[in-house]
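When the chains are written out, they are named A, B, C and D in that same order, and each has its own residue count from 1.
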């Protein structure tokens, strides 16, 4: 009946200057790409992916963006979290050559995915990007896995974005399948570089209920609910969207156009 | 009994012919042209927008929804992008589908309701629904607008003066003597009544955190918990009204929907069940109604007999 | 955190020490000395009689109970053997067990309540509960006695004048602004308040028979469906009251009971759960409370912190 | 969730001048001694045992006592019944020598029980009594079973009651176990004739809820609920009761003393 639990933080682990992984023994199975609605009993409840899941212990890697995520990531061992979920449609791990492209905190679910693909017998290449080197999350965790790991900081060297780097990687070796998660601008930039490659993207839209009734996270024109039919969408579903990469909605439901996208229609 | 093979769910409502008596209630999806289309495709016969206010509202911080054994609490706080952006979404939806829309409006006083209705009437919607159960007003006066016969009548009358579209008044179960309030709405010119909005509000407490589960603390109660209350209210009100009733509150199965129709509703809202049973519930309920019509040899939704009113002891 | 091994459920209530904060609500069992003993042995800390009236009442023909997804409807109709036979049963119970009894009374006007209370005070009960939510009165006036601040105050005051025993006023959720009604009861001299009686009533329809499931048609709503409403009302009322509150409505688990205590109740009623989960639920809830106290290092039921009142937005 | 169903009467069968068996395809399993709360949508809902259960078809043998049972037993094929249940504690069929004693409509559940005992490998003797010959129910059904069947009409011959006849039968052959159902006066008369024989009695008390919350059917002083802990009670439970054979309660909960029993205590 109840899909909500209250748990104490079992452990925390700083992830560079802006993020922390919170560990909880939640006794639930979460698949790569699924998310939890996380609350701290001080107001606010927001969606977060699961970055690690081992023996019932879940890791939630929280990057600081605003007031809620700041409070969350400063929580300490023993602190109380409310978790609802797991919600949403997960990534489908494939046993072939997989390219995983993550931007910012979008890399979090890809870590869980990488492990699932490896377990399914697939080969994994990861491209992770962020604005600065120390904002690249979970690099140490990826390096410990038997996969091909690449990262890029936009403020260094050539200033490659994750998309640029992914394009280079794909030039060298064409993957069978691409998975990506990160800011929608990044996903929109990545899409034209994929040609006819099949892919799954995880989208981040404003979520309130997480269970498909409030409408906050719905896309146009199909109306799919990112919290239920997503957050992971197949290529076909993405191609149908008119808002993908153009606009999302804020807490009121009003459209917010992405930088560079033009209002209209 | 006449077993006609082709029982249609088509239902007339205030001059429109709808493919199903099921209504997407206000506040469920209904955020954007996409979500309205989604609802239509999933089997609803009529879709309602979020309750639109003059200015955009972000709603509450959350957690805004919580389950309990009997249903759901929500404290969404009437978030909406404001009447103008809301009407643009309606226009896009109507352009794409041609389907009718029930445009829900809410405000805390008559002038604002009138202004909202004025703008809505210039829009692409087919009907106006006045959400008279605004929680803001509860904070101010302790009771919703809809608990006062006079306020209900006053607002409906004001809106009808400026409104070319049919107007439906959505009432709250948190009132005494609902039939007299519903009658007041009808006498003031309402073309229909929607019953019921969420009950309460209610409270759930996290005993480990020693805090309310929702933020802010209270939330309106919906889902299976409120079905018998909704049936009773719809039955009593429809018994005294001449205008049609949109009945809702906890409807989750075909049988629930038939009960609501039998209680006197012309259309039936299905909201919380979308969470508790998934969006497929809409078609399941459609199917359930169709099977009922077939089994009972009733040719159409409108032919479902109404429960007799009357007060046996 | 202090993990004391021996967390007792012992709870003080109006000068009596009870072995558990759990109360057998009025109308559940409580028909006879045997059923009161049964309840005591199954783990209740305090037992309440059926609501006793001046003359015996056979109640309604039935069906008098029906389940729905969120709980139960009942239309028992306050059947009881009358105050005199009822008090004889109380005396037999007290003689056999020495345990306190909450004697529930109901009438439709002040003189009858006063007469009932006069007789009850000569009896073996420990406290009086006034059931102010009589459905008869609803038929007559459309609202229960408990919806009117003035009627509640008037009756409590009348009863207190003749009554040496502590008096608890049982209020209905079917009222607006419960805190002000609860305050009125307190100001009139009530020594405690019981919240909540059944909600509604509600309606369930048999779609095949095209008739109400219950006879007569409506029934008060209880069980899980009403828990959040009860918690909210108990929280709001206990926040303004000095006298203790007996909280009830849908409590079915230890966590529900702790929520009720946290909402501000001093004692917690468990009624409908006896149907839905069996009589063993009483001890399960006792155990659940005990485990909570242990886990949280709280030494006694009275030590469970009350949820702060306050109106964050 | 719902323990109530609405069914059409599939068949009816008159049982003498005062009773009828109503057959329904209820799709539920009912054990011997359990009961259903039966309603006809015209006001009233009362407890009835199941007398037959074969392949999902249940038989409810209704004897006319008052207004409700009169209406019920005149119902016809196709009529609608509301059934709640099955409720209550059933008889325990034993594989030994079993004596079943039924009075009036009390014989109904014993028919189902007889078949269960036979199926369990027991040997069955049945004693059935009523005031007149044509009020003896289900005699034809018992005669078709491989068991020892006896019946008595109180207005004939020696005017033996079921208890008298049972005593005679027991004189000839002492059973291992006795089961009885019928008016409480009959049960009370039977009890002293059983000596140290073990037995189960099915009690009929006023029932409103049938599910253990309204208190109508509770006994003194233990407070057991006939609808839940009964209707079938073991010898030990019966011996604890102070009201057994003395008084029951009416619809208001007031005591009603059995003829001959003295009020008091």
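Please note the rule applied: a contact is a pair of C-beta atoms (placed from the backbone, for glycine too) under 8 Å apart; a residue touches a chain by one contact, two chains touch by 3 or more.
Only a predicted model underlies this, so the values are computations on that prediction, with no experimental measurement involved.
*Asks:* Using mean CA coordinates as chain centres, what's the gap between chain A and chain D in Å?
*Replies:* Roughly 66 Å separates the two chain centres.
*Asks:* Taking each chain's centre as the mean position of its Cα atoms, how many Å separate chain C from chain D?
*Replies:* Between these chains, centre-to-centre, one finds 36 Å.
*Asks:* Could you give the separation in Å between the centres of chain B and chain C, each centre being the mean of its C-alpha atoms?
*Replies:* Averaging C-alpha atoms per chain gives centres 33 Å apart.
*Asks:* Can you check how far apart chain B and chain D are, centre to centre, with Cα atoms defining each centre and the answer in Å?
*Replies:* 50
*Asks:* Could you tell me which residues belong to chain B and also touch two or more other chains?
*Replies:* 68-69, 208, 211, 215, 312
*Asks:* Residue numbers in chain D touching 2 or more other chains?
*Replies:* 43, in rising order.
*Asks:* Hey, how would you classify the chain contact layout here, line, ring, star, complete or other?
*Replies:* line
*Asks:* Please give all chain pairs that are in touch with each other.
*Replies:* Touching chain pairs, listed by label, come out as A-B, B-C, C-D.
*Asks:* Residues of chain B touching chain C in their complex?
*Replies:* 60, 68-71, 73, 139, 142-143, 147, 174-177, 199-205, 207-208, 210-212, 215-219, 221, 223-229, 231-232, 235, 250, 252, 255, 258-259, 262-263, 292, 296, 305, 307, 311-313
*Asks:* With touch defined as at the start, can you tell me which chain D residues reach chain C in the complex?
*Replies:* For chain D paired with chain C, touching residues are 1-4, 6, 37, 39, 41, 43-45, 80, 82, 84, 208-216, 218-225, 228, 243, 249-255, 265.
*Asks:* Touching chain A in the complex: which residues of chain B?
*Replies:* Touching chain A from chain B are residues 27-39, 41, 50, 56-59, 61-69, 74, 76, 79-82, 85-86, 92, 96, 206, 208-209, 211, 213, 215, 271-272, 274-275, 278-279.
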